[in-house]
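Input: structures, listed below.
After this come two complexes, each holding chain A, first together with chain B and then together with chain C.
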Partner chain A sequence: MKKLSALALLFAFCACLPGEAFAADGGRPSILGALWKWAPLLLSGFAFNLLISVLAMALGTVLGAVLGLGLVAPSSGLRRTSHAATQFFRNAPWLVLLFFCMYLMPFEFVVGGAVVPFPGWVKAVIGFALPVMANTAEIVRGAVQSIPPAQWEAAESLSFTRRQTLWMVILPQCVKRMLPSWMNLYSLVTMATSLASVVGVSEMLTLTADALAAEGGRTDLMAPFYGFVLFCFFVYCYPIGVWTRRLEARYAVK
Partner chain B sequence: MKKFLMPALAMAVALTAGSVAAKADVLDKVKEKGVLVVGVKTDYKPFGFRSPDGSIIGIEPELAADVAKRLKVKLELVPVISSNRMEFLKQGKIDLMIATMSDKPERREQVQFIEPLYYSDAVNILMSKKVKVTAWKQLKDAPICGSTGTFYNKPVESEYGAKIVAFDGTEKPLAALKQGNCVGFLYDQSLVQAKLTEPEWSADYAMPLPSIMETPWAMAVAKGEDRFAKFMSDVTKDWMKSGAIVALEKKYGIAPTAYSQRMHAQFK
Partner chain C sequence: MIKIPSTFPSPPAWTPDHPIVRVSQVYKSFGETQVLKGVSMSVMKGEAVCIVGPSGSGKSTLLRTINALVPIDAGSVVVEGQEVCDPELDKLQLRRKVGMVFQQYNLFPHMTALQNVMIAPIKVLGQDKAEVEARARALLRKVRLEDKADRHPGELSGGQQQRVAIARSLAMTPDIMLFDEVTAALDPETVKEVLVTIRELAEEGMTCLLVTHEMGFAREVADHVYFTDHGVIVEHAPPAQFFGEAKDPRTRAFLSQVL
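Up next, the complex of A and B:
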């Protein structure tokens, strides 16, 4: 059934191409010809989107795990600070965080006399990692708190320290519970990477606009080119969504 | 601990400050690194656009390449957009900006413009070949498509008596022109010329009128880079003298603008 609906979508994408899509007329390449010509560049841009999403997710997850443990820390000071950081980055628009990173961070660092370049896409990774961090922190907190308190008490009665309880009893059970929401978050980050085009990172959406401009702004190319972008993101994100739902069903807390 | 930290911090600040001071002369930095970094557009055909292999080509990248050749350094092109080009220049991320930037007083305050201004856009009409006109005065009562919000719709209406039918964006008025709702499309000359490089438009349309209301474009370097600005100013004069810009316009299939031709004549 799911395969069928995906197929139907692909068919709808093809059907929205005008009839002349397959034939060249009067010197200018056909729509599919133009798409074929630009596809390698556009796909290299998409690979860049994926690279940004993976790195942002990795960085955000590591930071978010630390922040999430801060949210459930026994020290109230640590808990409050973590709470403030989480709320701030969770409630800030992603695009604003991206602008903030883009225009307020230097383009290169001087470390011990050596100049280390700090390109725009790295800033984009940091810009996306910040909301990922805050959302991961909430996911970690939710998972830790969803473990029945009886387990903490049982561990304590077996003379586990707090750290031992956390690492050996609580967190291993959390991983399963966190996985679906974390994957969902990854899907969102991947789709959000196209925002980087607004701040001038040469990712897929930027390159698509460039390609359309290079083709002389032909209006008949716009729907197929942006359709191709949609299609690429869909093909990548849809299986993640399906997989997430399966994991959710398997790990559902009864 | 604090006693140790403070000098370390002061040193770090001094180091950063040192790097800022060293940055003061971009010409030395470029020669030392062996790379000139130029910010160009990637979505403005034929001035700066992408080829399918991803490289950036066009009139402005070629000008940038010529500057690098004169400095005997390698060229690195950085894609810029209107919202970040001046920021990149101020940060030092790019050494030089050649990015279709029109001359505005508030921009002159932020970055160092290179005089004489290297190029100029203007206002013109993409006209159906069926209409035979040679002067703007002949447009009296002619239906002309326009784009809403441009500064020249009103003057063209009041001075030349054309009837402007305004649509938003550029695609709608162009579609209206094709459907015969009007005889021409009043817009930036650079776009009119870019359209005329497409066989789709060049068959039935042309740009028969002289351009009006020139809006010059400026190359820029960061504020305070007087030596580099002087160098670029000499390079620009040399381009005008040799007719390099007119030649590039021809190479990229657009008719040389009145501005380029005038400057070429003036410096020859």
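Up next, the complex of A and C:
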């Protein structure tokens, strides 16, 4: 099934290549030749996308776990503050958050006289981590609240403190329930990293535009090059989706 | 609310000739609904007491006031001489003395039966792991599940799960056990194995408070039966008298439905 879909996409990608794709024509390299030439650079850009997505996910998950615990805290003040933060970042468009981080944060810090640069891609990581945080917080809240109340009571009646109950009884059961939604979120983040091209981070989409410009803006290269970008994202994200659905099916039974 | 003497932390030592649990004039509302309207009962050490009554009459709520899972609005609950609604009471200390088993979802599904029994003594009481494991295995043998020690709750039948839950509570060496309709969610065939376990406990002298719909069990095992309706205790008596010559028409109406 997976192989079949990937093949179908590859086929669609080749179909959009014009007839002269495979033959060099005069001084100009063929389409595939150009793609071959630029592929290492484009793939290094894709690796950068993945790096941004992994870092944003890691940062956002840590922050989101804390925020999520705030959403189920016994103190109503803490709950309300966490709720406000979660709703704010969940309902903000990702691109707007990205712009916000880009232009709000300085491009360098001065720490004890030394100038520490604060590059755009780090800001992008933070920009993506914010919606990840809010969505993770919601996932944590949903999972904690889906545990039967009797589990809390059983732990309480065994003399567990609230904190012990949360860490030893509730959260270990939540991990399984959270995994599918969390992986789904990861796919979304990976795809969203291409937004960083809008703010000038040299990830894959930016590099593709650069490569096309270096080839003199040949219109016949546009579709194949962007098709290649789509293909890379698909090959990476599709298996995650398959795996997610498999986990969902497995945990749904229990 | 009763007045708690300021000398409370050193109460008069409880002695076995006093009730081990004494509930006096307890009131409890959830929002607008009054669930307990002046409930009183007392249980001596080693007694087995059954609480029966229609659904929604406040049986579970009453049981939960005894280990402070439900805070009360007024009245007093005294367990081994300790006032449960004293704001300074160490609830964790109280719950070490009072074990509780629920109708469903008792066991921690991510742990094996053995781990379920071991976790509280190790994490809460800080006892030695090897010693706790030996005791946990002995308790699983007592409930006839020593061969299921390494199974997860999902792999056990409802009756087996309830017996593990009983073993888990006993691992904390409580003085009192509360059972809230522990057989209500079980198949008829497995009800018996759980009741046998509870009966053995009661016969060994464990103080047991049970909310149950098993009238046959109440008749055979209980020392005393309480009947609740709409948040009050309508009638209580030893089982022979309770089932044979109930006085109150509400009790008789209830019994004629369930017997």
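Methods note: the second predicted complex is superposed on the first by the 251 of 254 C-alpha atoms of A that agree within 3 Å, B and C clash if a C-alpha of one lies under 4 Å from a C-alpha of the other, contacts with A are read in each partner's own complex, and residues count from 1 in each chain.
Everything that follows uses one rule, which is that contacts are C-beta pairs under 8 Å (C-beta built on N, C-alpha and C of every residue); 3 or more make two chains touch, one makes a residue touch a chain.
Being a predicted model, the structure only gives us computed values, none of them experimental.
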(request) Quick one: on chain A, after the overlay, do chain B and chain C clash, or do they fit? Just give me the call. (result) fit
(message) A:168 in the overlay: touching chain B, chain C, both, or neither? Say first, second, both or neither.
(response) second
(request) Using the superposition on chain A described above, determine whether A:218 touches chain B (first), chain C (second), both, or neither. (result) first
(message) Just checking: does A:41 make contact with chain B only, chain C only, both, or neither of them? Give me first, second, both or neither.
(response) first
(message) By the touch definition at the top of the document, which applies to A:241: first (chain B), second (chain C), both, or neither?
(response) neither
(message) Going by the contact rule set out at the top, does A:156 touch chain B (first), chain C (second), both, or neither?
(response) second
(request) Based on the superposed arrangement, let me know which partner A:93 touches: chain B (first), chain C (second), both, or neither? (result) neither
(request) Of the two partners chain B and chain C, indicate the one touching more residues belonging to chain A. (result) B
(message) Contact-wise, after the overlay, does A:148 reach chain B, chain C, both or neither (first, second, both, neither)?
(response) second
(message) Please give the least Cα distance, whole angstrom, that chain B and chain C reach in the superposed model.
(response) 32
(request) Would you please give the residues of chain A that touch chain B in one complex and also touch chain C in the other complex? (result) none
(request) Over in the complex, which chain C residues touch chain A? Could you list them? (result) 67, 69, 92, 95-96, 98-100, 102-110, 119-120, 123-124, 154, 165, 168-169, 172
(message) Show me the residue ranges of chain B that touch chain A in the complex, using the header's touch definition.
(response) 15-16, 19, 42-45, 49-54, 79-81, 83-84, 87-88, 91-93, 170-171, 174-175, 194-195, 197-200
(message) Per the contact definition, I'd like the list of chain A residues that touch chain C in the complex.
(response) 148, 150-151, 153-161, 164, 168-169, 172-173, 254
(request) Would you tell me which residues of chain A are touching chain B in their complex? (result) 26-28, 37-38, 40-41, 44, 102-103, 106-108, 110, 113, 115, 199-200, 202, 206-207, 209-214, 216-219
